[in-house]
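Please see the structure below; I have some questions.
Naming follows writing order (A, B, C and D), and every chain is counted from residue 1.
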Amino acid sequence: MGGMADKLCQLKDAVAELIRDGDSVVLGACLEPNIPFAVTYELIRQAKRGLNMIAPISDASTDMLIGAGCATAVTGAWVGNVSGGLGHNYRRAAETAQPHAVRINDFSNFSLGMALMAGAYGMPFAPVRSLLGSDILKSNPAFKVIDNPMSAVREPIVLVPPLKPDVAVLAVPRADAEGNAHVWGSTGLAQEAALAARRVIVLADEIVAPEIIASDPSRVLFPGFVVSAVVDAHAGCHPSPMAGRWKRDTAFLDDYHEQSRTPDGFRAWLGEWVLSVPDHAAYCRKLGDRLEALRIRGAALAAPANYASA
Amino acid sequence: MGGMADKLCQLKDAVAELIRDGDSVVLGACLEPNIPFAVTYELIRQAKRGLNMIAPISDASTDMLIGAGCATAVTGAWVGNVSGGLGHNYRRAAETAQPHAVRINDFSNFSLGMALMAGAYGMPFAPVRSLLGSDILKSNPAFKVIDNPMSAVREPIVLVPPLKPDVAVLAVPRADAEGNAHVWGSTGLAQEAALAARRVIVLADEIVAPEIIASDPSRVLFPGFVVSAVVDAHAGCHPSPMAGRWKRDTAFLDDYHEQSRTPDGFRAWLGEWVLSVPDHAAYCRKLGDRLEALRIRGAALAAPANYASA
Amino acid sequence: MSFSTQELMIVAAAREIRDRELVFVGMRLPIMAFGVARLSHAPRAVGLFECGVVRYAPADGTLHTMADPPNQLGAAWTTGTVQVMGLMQGGRVDAGFIGGAEIDRYGNLNTSYIGGIERPKVKLPGSGGAADIAAMAKRLLVIMNHEKHRFVERVGFVTSPGWLAGGEARRRAGLAQGGPAAVITDRAVLRPHGPDHELHLASVHPGQTIDGVRAATGWDLKCLPGAGETPAPGERELAALHTIDKDGFWR
Amino acid sequence: MSFSTQELMIVAAAREIRDRELVFVGMRLPIMAFGVARLSHAPRAVGLFECGVVRYAPADGTLHTMADPPNQLGAAWTTGTVQVMGLMQGGRVDAGFIGGAEIDRYGNLNTSYIGGIERPKVKLPGSGGAADIAAMAKRLLVIMNHEKHRFVERVGFVTSPGWLAGGEARRRAGLAQGGPAAVITDRAVLRPHGPDHELHLASVHPGQTIDGVRAATGWDLKCLPGAGETPAPGERELAALHTIDKDGFWR
């Protein structure tokens, strides 16, 4: 808006310049959908190291990054493969430090959401009634239990510290070149993650004119002024789903789950789908008809909303 | 939806049955727009007493209820007349107990929002960095200042207690008969108020088929299952504005501001616009062409969003 | 009428949902259970999913995850995790379903670490939303397979608190409400009993025996007074299930 | 070039906004000031409104309230109060505009009670969002009319904290950032000076005198070194203002 589209850049450059070794990174925060796997793969190609993945769920993305040696810490609620279950790379790293150890900062989905909300909105902490009685309070010393200062009777409350990720990468159905984006369907922790992060990369399934986004400001989940870079990456969330755009490629994730059972199998998978594929465009070409079959072709349009002022 | 439309009712009945003397009531929580003045007037006609108005701003609505003897307490951030400034009835009540005294529980907009958020989401309190240094901490003893238990250095934090209104009345552009509603444009504290309240009355500018609402679940601000009653009240927010539907009737509010300078003037205004008008339909007829001139006739439609799954 | 064990589990789980209740629904069997309940005895139950989906009618289409496009289409509300879990923290959610890798005598669940935190024997995926549902839903409903190494005296790590050490331990920990109400397995239904809240055998599934269930349980499982056989799915329940399970995946 | 006092105030206020800043905009003059800044020297400033509107380009049409339909149409983001004020609490908002009925030597503002809380002489509308903006914006900009009974030694009630008792008082109260940076009146511009943060005269408007401004101030107003005349609106600034003020309301 009112300026050059200087945020629009290539996926390679966004990852090279905005995600640094040692960063804490959110790769998708909608839980199961809209996970920017294209960035997961590019992080692996660029051999980033020491990443701390802040992940509510993010399906198999975190498991891939651990296996590839990029992620050495997890600050999150769940790491595995949503349809397959266990994450084999996560297991190997936690159980036998293969290919390396992984530091685990345990959260639950709600406490992670409240931590990101606290980060987004400058709250000193977020008080929650969850985690009481859970050993997560023991495995992660970042939480603090206090007696509710507002209560006359003893009432333990868990204080969750704010989380401010270095980078959040969020896949959206459409954005303009300044990072103003529309998102619909369930959003998990995406709003909190975008507003809490120091840098935001938007992975747009489609780049549209600013007028399209401005036509519906209530569909904006986070404003363009928090966005550092916008990448045009059609199907950048494959194999995860995106409302109205892409079905989930469950077979792909199941195949990953099977192949990653062994380190050799994982390396073979990585070679085939990531390391021997130069970029996202080549990945899409490799998927070919399979990707086309995942494209949602039907129409179930939202009822019109009018913003006219006169 | 799988159920009968048993929530649809007349405005008179909703007010009679769901808003009781002594209740704490939110009448609109979007700050300046979408204020359900039709309910303000009906509360006055039904001579409700002892109401505690939880109001971020709500334009002149609270001032009217104080002058009419309905509201004896204000839990909020601001009472006046947005374009005119001071609220004359509020002044008379606070300064000289005319027509009665008013208890004032001072908040700021942000602390009120966080109080309603705490009420909505079961938080024991909400920590804020606002109000420090403000005498609001002295005039309202509900706040508590503590040292941040998560900080190594001394850092004062204000704890805001949760607010759970007895009733929230929210004007929306369209709803189905079960109270599932779409809202667009800025929403102030409406989401928090709807989710915090014990009872919710939806004042719909238009009642639509459930399929219309279900076509765009991201446009839903609060779900129908928190709604107790749905009232079909076209222009029920007059004289306040509603995005894409109604312009603000500033002349009407200015006229109220002038007339309410004196108790006699206020009573005359009340006689003309409330007490001698039997119901909302008669109010709309009385407004006549003036109301038609406020109707937004242009079209500036939101870009389509697709929810298709295949 | 024939039915599979999984179908029986789904129907038994569906029966735990009452009409008009708000239910936090987990993946796989619970999502089917919610659908069966809606289409049989609980036509006004509401399903909440931690990704931010709230639904009335069950989704039309197979779901591999709770956020798959069919679960978004026609939802009652698509919003964020904080909103739906916040409603649960506020005491609005009547029941929540979770599973687990390990469960103990008091219904505590482990989905985090088996064999210690530092160098675990098995690193499980973690809580996801399970710890929150266990802490904040008014009733916890558990679905899992019944094997001796999963039904243990005491879980090594409490991801999702049940009745903790039993008795008043849960309340003392600060959890003002909730707690496991039923554990539905492939062999039986267990329920907490008495002031101690220890899980007892409430019913055994057709084809199972009390001794067999006890042998598959890692603690000395007691029987509830009057424990009998889990009622077989009724015609209406199976019809509802077959309506949802178009592909016969769960048969 | 001729201009009204209100036009000068709007332009002086606009000059306080720097390019690319996030600005919390209040009603009336500040909304015009934001528009002038956007259309002259700050083309990438962003305006936030407490009702939940965020805008790039100024609204096309007269606004009686910040939530009027022209401010919704074509907005950058329409959301809730907690979101926009939360961003401010997080330190993202560079500057915020508020007014007041009373202001004192240290820039504290009163919009609540004149003459005591119990039986006030004048009950003012209250904080609205002013207390929040004063506490949490990185710079506070005040716009109000300059009259002796409004510019007082010490306000009777601090609705919106300025520098409190001066010096380190604001930091000691726990406000880690912010504080008044400029007070723009119909006679002059005041700014805090030195470690005490007392408001000093920074410039007097054309046609006003230092003595006249001092006479309209309820404390012993000192002058900043080099205090001169407020620069008249430039051609570009007035053009921007006239673009927005189509009806000539502020002339």
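Quick note on the criterion: a residue touches a chain if its C-beta (ideal position, glycine included) is under 8 Å from a C-beta of that chain, and two chains touch if they have at least 3 such contacts.
Model, not experiment: these values are computed from the prediction.
K.L.:
Could you quickly compare B-D and A-D and let me know which has more C-beta contacts?
P.N.:
Taking the two pairs in turn, the one with more contacts turns out to be B-D.
K.L.:
Any idea how many Å lie between the Cα centroids of chain A and chain C?
P.N.:
27
K.L.:
Which whole number of Å gives the spacing of the CA centres of chain A and chain D?
P.N.:
39
K.L.:
How big is the gap, in whole Å, between where the Cα atoms of chain C centre and where those of chain D centre?
P.N.:
Whole-Å distance between the two chain centres: 56.
K.L.:
Could you tell me which residues belong to chain A and also touch two or more other chains?
P.N.:
If we look for residues of chain A contacting two or more partner chains, we find 122-123, 128-129, 155, 157, 184-185, 187, 191, 215, 217-218, 243-244, 247, 296, 300, 307-310.
K.L.:
Residues of chain C that touch two or more other chains: which are they?
P.N.:
53, 68-69, 72-75, 78-79, 82, 89, 136
K.L.:
Output every touching chain pair, sorted by label.
P.N.:
Listed by label, chains in contact pair as A-B, A-C, A-D, B-C, B-D.
K.L.:
Under the stated contact criterion, what part of chain B meets chain D in this complex?
P.N.:
30-33, 56-57, 59, 76-80, 82-83, 85-87, 90-91, 93-96, 106-111, 113-114, 117, 128-136, 139, 145, 155-157, 184-192, 241-244, 246-248, 250, 296, 300
K.L.:
Please output the residues of chain D touching chain B within their complex, sorted ascending.
P.N.:
27, 49-53, 64-69, 72-75, 78-82, 85, 89, 112-113, 117, 119-132, 134-136, 157-161, 164, 170, 173-176
K.L.:
Sort out for me which residues of chain B touch chain A in the complex.
P.N.:
122-129, 144, 146, 148-151, 155, 157, 159, 161, 173, 182-185, 187, 208, 212-213, 215-219, 243-245, 247, 296-310
K.L.:
Looking at the complex, which residues from chain A come into contact with chain D?
P.N.:
The contact residues of chain A facing chain D are 1-3, 119-123, 180, 191, 195, 214-215, 217-218, 220, 222-225, 307-310.
K.L.:
Write out the stretch or stretches of chain C touching chain B in their complex.
P.N.:
On the chain C side, the touching residues are 22, 38, 43-44, 46, 53-54, 56-57, 60-61, 68-70, 72-79, 82-83, 86-91, 136.
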